[in-house]
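In the two complexes that follow, chain A is the common piece, with chain B as its partner first and chain C second.
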Partner chain A sequence: MTARSDETRLSPSAGSALVSVAMRSIRAQRRRLAYFLMMPSLVVLIGLSIFPAVVSGILSFRVHPLYNPNVARFIGWRNFEDLFDDARFWESIRLTILWAVVVVAVQMVLGFLLAVLLDRKMRGIGLLRSLIIIPVFISPIAMGLTWRFIFEPVTGLANWFVSQLGFEKYSWLSHIDTSMSTLMIVDCWQWTPFVALILLAGIQSISPEVTEAARLDRVRGVTYYLRIILPLIRPVIMVVILLRLVDSIRIFDLVFITTKGGPGSSTLLASVYDYIIFEQGHLGLMAAYGFLILILINIIVVLFLNTLYRTEKAARLEELK
Partner chain B sequence: MSDKASEVYEKTMRRAAYERSLTRRRMLQASAAAIGAAAAASFVPQEVSAASGKVVHFAPAGKRLDGTLRAVQPLFNKAFPNIELEVASLPVGEALTKINTYMNSKSDAFDVITQDHAQFPALDAIGALTDLWPWLEKDKAWYEDYKKDVDANYRSMWNVPKGPSKDEGGAGYVAAITPDGNAMMTFYRKDIFDKKGLKVPETWDTVIDTVKEIHDPDNGVYGYAAAMKRDFWSGYQFYGILRSWGGDHFIDWPNGDFTVALNGDEAFKSLSMLVELAKYQHPVSSNASEDEINASFANGSALYSPLTWGTAVLNDPTYTDLHEAWHMDLSPRGTSEKSAHRALAGGFGQFIPTWAKNKDAAFDWMKFLNSPAEDVISAIVTAGGQPSRSSALNAWRDRKPFFEGLLKAFPVAVVNAPVIPEAYAIMGATGEEVADACNGQKSIEDAMAAMQKRVTRIMEDSGYYN
Partner chain C sequence: MRQSGLGRVINGLTVLAVVLWLVPVVWVALTSIKPANVINSPTPTFFSFTPTWAHYLEVFERFQFDRAIANSLIAVGVSTFIVIVLALPAAYACARMGLLSGDGWALFILSLRFMPGVVVVLPYFLMANYFDLIDSQLVLIIVYVAFGLPFAVWLLRGFLLDLPREVEEAARLDGLGWLQIIFRIILPMSRSGVAVTAIFTFVFSWNEYLFALFLTYDKATTIPIALQKTIDLYNVLWGSLSAGAVIQLLPMIVVVFLLQHHIARGLALGAVK
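Then we have the complex of A and B:
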């Protein structure tokens, strides 16, 4: 009996080896489980992001006419060279940057003012906050069509109001000098409430002790907002700016429905131009342009996040001093 | 006697027997009814098809497009109870590109598709078109009637390659049939022209003077309007004038010479005319597609357009009070030797995709839709359609001056774009340059140089110059 037990008993080194094998097996099982659990996200990521990006990367080095795919072939960097040689491409980039800077700036200023107005206790303020967000939820197509009719130059509602006020009719979307600013008005109408609500949430998250202390110190009016509120909601502001900036660079639906880049090429923003290139069947050129827009957005995001990180770090250091 | 006729006969006789009290009069009545029913039934067999199942028809949205299909659908359901018809649609601007995308992916989601004529060479290049001959051959009576009734010049546009089909001694196959006729024409307010003693301009050199006569922007009335939205809309305006001067995108594309000819005299005259007209244009024009232009015609703020695709909607009393005032005629021509009235013919045709699942039933539906039957034509016309059949156009021409215009345009119709897969890309590229020139963003010379360069690049990419 004892002899048999001795036979079955393992030496210490063999025991630890067994434990290590068992641990390895458990770890492998866990790893397999982890991979299994990650699989759905990986499939979605690969299928919807990585695969299209790779295909579109390959496409950007090809001539691939949508209407005559039989002649598709590799052409190296030519699509990119064509874009850099195209004055309309540079103009579309210029217009997109102008658009992003102006609409984000206007929306931030108006959004902050609106947030300040909404940051008070009064009857019906909850309802007002709910109503003000409505433009954000309107379908861009429906909104674009509605604004197109409102801005119709001869019989539209906008010019009816203008003429009722005794002014001359305005060309709105019909003239190269006014079409861009008209679209900016519409975009601001739609997105300013969104900015306002986020900023409002930021304002309301400020500790009451801080606002109380400011009140006791008789910090009021513009100084109160500039010196107390704005610095405290700076991280929120930066995030909103980032979101709106990226969204503005990608703007498509509103412009496509209302002007499709016209009159002439006066509202030909990057995404619209890229879609028109697709519509005309130049899939390779479209992919190349898409990549350039992606790079542009990434540069802006990285620069922005970098600035955000630095200012935050500087502010923290200031606080520590 | 056909099966259906025998069935009707037997049913009638059974009923007569059931009534027991057979008088000679009743017997005669029953026999007459049976003979009548048998005779009526003998005209129906073409419509009572063995085909069954589901047919999905994809068409661009609009009164004239999916609207007419939906108007005919109840009649079809009644005549073909075994076939379940579904009409799917998307806005026209989106649909044209989407159809090609679907066909590129060899989609079998649709059994019939309505597509713009200019897209057919591209569909052919993709291999998406079905030769309709096997079905046309089965019902020659219907096909002969269709051939006789639809202007040969217009009908041959739907063959690939364009021109007479094999059964007519040509080289093409019938790729599509169409109950929809369209051509670019002059639209004008007859009441205003009559009042001012003006004639519809016959040549381009009289157009500006005519426009000046009727232009009165201080009173909200504009002498000229056209769908000048950037991209292909402007491209068609330019091409319409270019063709009337005898010019074209290429030196001689029907005979294989694809040398780009957009730096010539005809192109210059055409673009100059559009730039000059822009000075008098209704402000909506610069961003307008057909919809906005029709609205400006309908509300009385635009009075004349030398080149408009338009639709029959302007003669629709439910759409505009001016439905009797809007008349249509041939677009002006140039004054050179090569010039002529050349109406760009457009329209939408129906084809069966190569990958369709239910081709027999699909053709039954197409044939029904293209039927000369009065109730079908009436459904199409009242829904806002514009038939291609001359008999239908003639029957309705008094109520629809647009149809009168179509009858004039079809005999001088030319294809609305070179019949090559790159047509749409070319229209888009030229249209962008035209729009820039007309809005003062480019000089005429710069726009022409850009057109020449871009179209050459498109053709190079497609291997035309190798």
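Then we have the complex of A and C:
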């Protein structure tokens, strides 16, 4: 009896200690539960994404001819040395970086312009926004092949249009000098709407007070979009650049189905060259190159996320002041 | 809203931009119903021709589109379903349970989305070969689950962060277990988020090419592989290609119009949150 009344007469600090113990056990229980809920996904991802990547990593240190697996063996860094000695490898890296930089830059600029146009209040704007998303949903295969049809030198729509305007017929995909820029046009056609719609969502999530204040201050038109909107949607812009950059470096389907890296090696982007190495039967070499692409992408992702988080943190500190 | 002259011009510009942007899509749709001689003539014809369904018949008879569509629907449908069932609890754990800072886990999972296909296609090929799964729907389902899951968790987490916590707390007080809360309370409340996530997962696999190319060759081939056969060493059939492309795109367009508002929001969430 006395013991119980003692318990009820515990000092306030001891009471809060009890509460915090209870809280801690609840939190521990929650964490266990969280892992339980995550577990299926984690198992699948480790088994089906990370494990294959590790296998790929191991393969990259082996010679492993597709058509003669009996001679497969460990060869250390030889695959990487072979790659670094290969002029086509360096050419493919150069082209991939050129491709990613140009394509993403064009898509960001055009995408922002398109987003500004789609930001208008007018009848039917909802319909326009839905229509413009269609290119994003077209498969790279269907798109690559139909663009080949449009770029046909003799019967294609593109050359008819060019000659209608009074220009010389253009060689588009079929010449070393024009194939790369033609592919860039196709990629920009597909992905600019994607960039535009995300930026549009960013623009529309800006609080109405800001836009109202800008209106009262008579900040309008170009100044409004460059001085007010652009800085406010900076985080969204960074994320879109990251997504597009990674996908541009990884690009395979479109290039493979239209030019297969040609003519010559004018469109030999990294993934396509990697596939050609596979076709030649050098599985170890293919894995090694794949791994280098993965490292390149990871460097970019880490750099980007770092700057993104730093700016976000800075913004938060700014708010606290 | 007051419309100045300039405003009208910009409105017109907006419409023009969208219409011009879609010219290639319209052109392909028109090509799919043109007779072959019209398609191959050097001067393009826009509307003055007698429409024909010949190309649509051809893709089914000659390029086995019926089988390709069935294969795509099975592989993509089943994998999308599995992805959602797996992703919902994981996204919930990331969004609500303060798991080692949910952000860290979510970022880790998202980073797997950046895996280039060429890095893992070879191990998949070797493993599928080892387990005798080449040219089966099962192997495609496995691949599409692996590749769909990271983005699905990321996207769903964004939607779940938006839900009010009170409802869940009330449900917990009523004595519902976590799985019950997730599938009986959260799932109905985040219907549009789940729908958008399912669509993006579906589209990705529906359009996927590299893995289908490596892991199937006959029985289990999907639409992109069948489409590719209309333009290869043996055929250059622009009409059949266009018909096939329309068939592949049509379900996507229907979905876009059914869920237009949600899709833009989903795109933004996936990128922003």
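FYI, the second predicted complex is superposed on the first by the 269 of 321 C-alpha atoms of A that agree within 3 Å, B and C clash if a C-alpha of one lies under 4 Å from a C-alpha of the other, contacts with A are read in each partner's own complex, and residues count from 1 in each chain.
We adopt the following convention: a contact is a pair of C-beta atoms (placed from the backbone, for glycine too) under 8 Å apart; a residue touches a chain by one contact, two chains touch by 3 or more.
Bear in mind the structure is a predicted one, so any value in this text is a computation, not a measurement.
Of the two partner chains, chain B is the only one touched by A:176; chain C is not.
By the touch criterion defined above, A:65 reaches chain B but does not reach chain C.
In the superposition on chain A, A:231 makes contact with neither chain B nor chain C. Residue contacts after overlaying the shared chain place A:280 against chain B, while chain C stays out of touching range. Of the two partner chains placed around the shared chain by superposition, chain B and chain C are both touched by A:154.
Between chain B and chain C, it is C that contacts the larger number of residues in chain A.
Once the two complexes are laid over each other on the shared chain, residue contacts for A:264 go to chain B alone; chain C is not touched. Overlap of the chain B and chain C contact sets on chain A: residues 154-155, 278. On the side of chain C, the complex with chain A involves touching residues 1, 7, 10-11, 13-15, 17-18, 21-22, 24-25, 27-28, 31, 39-44, 86-87, 89-90, 92-94, 97-100, 105, 107, 109, 111-112, 114-120, 122-124, 126-127, 142-143, 145-147, 149-150, 153, 178, 182, 203, 206-207, 209-210, 223-224, 227-228, 230-231, 238, 241-242, 244-245, 248-249, 252-253, 256-257, 260-261, 263-265, 267-268, 271-272.
Residues 63, 65-71, 82, 88, 152-155, 171, 173-176, 179, 258-266, 268, 276, 278-282 of chain A are the ones that touch chain B when the two sit in their complex. Across the complex, chain B meets chain A through its residues 97, 100-101, 104, 119, 121-122, 125-126, 220, 222, 229-231, 282-287, 292, 295-296, 299, 301, 421-425, 428-429, 432, 435-436, 438-442, 457, 461-463.
Chain contact summary for the complex, chain A toward chain C: residues 27, 30-31, 33-35, 37-38, 40-42, 44-45, 48-53, 55-56, 59, 114, 117-118, 120-122, 124-126, 128-135, 137-143, 145-150, 154-155, 157, 160, 189, 193-194, 197-198, 200-202, 205, 235-236, 239-240, 243, 246, 249-250, 252-253, 256-257, 271, 274-275, 278, 283, 286-287, 289-291, 293-294, 297-298, 301, 305.
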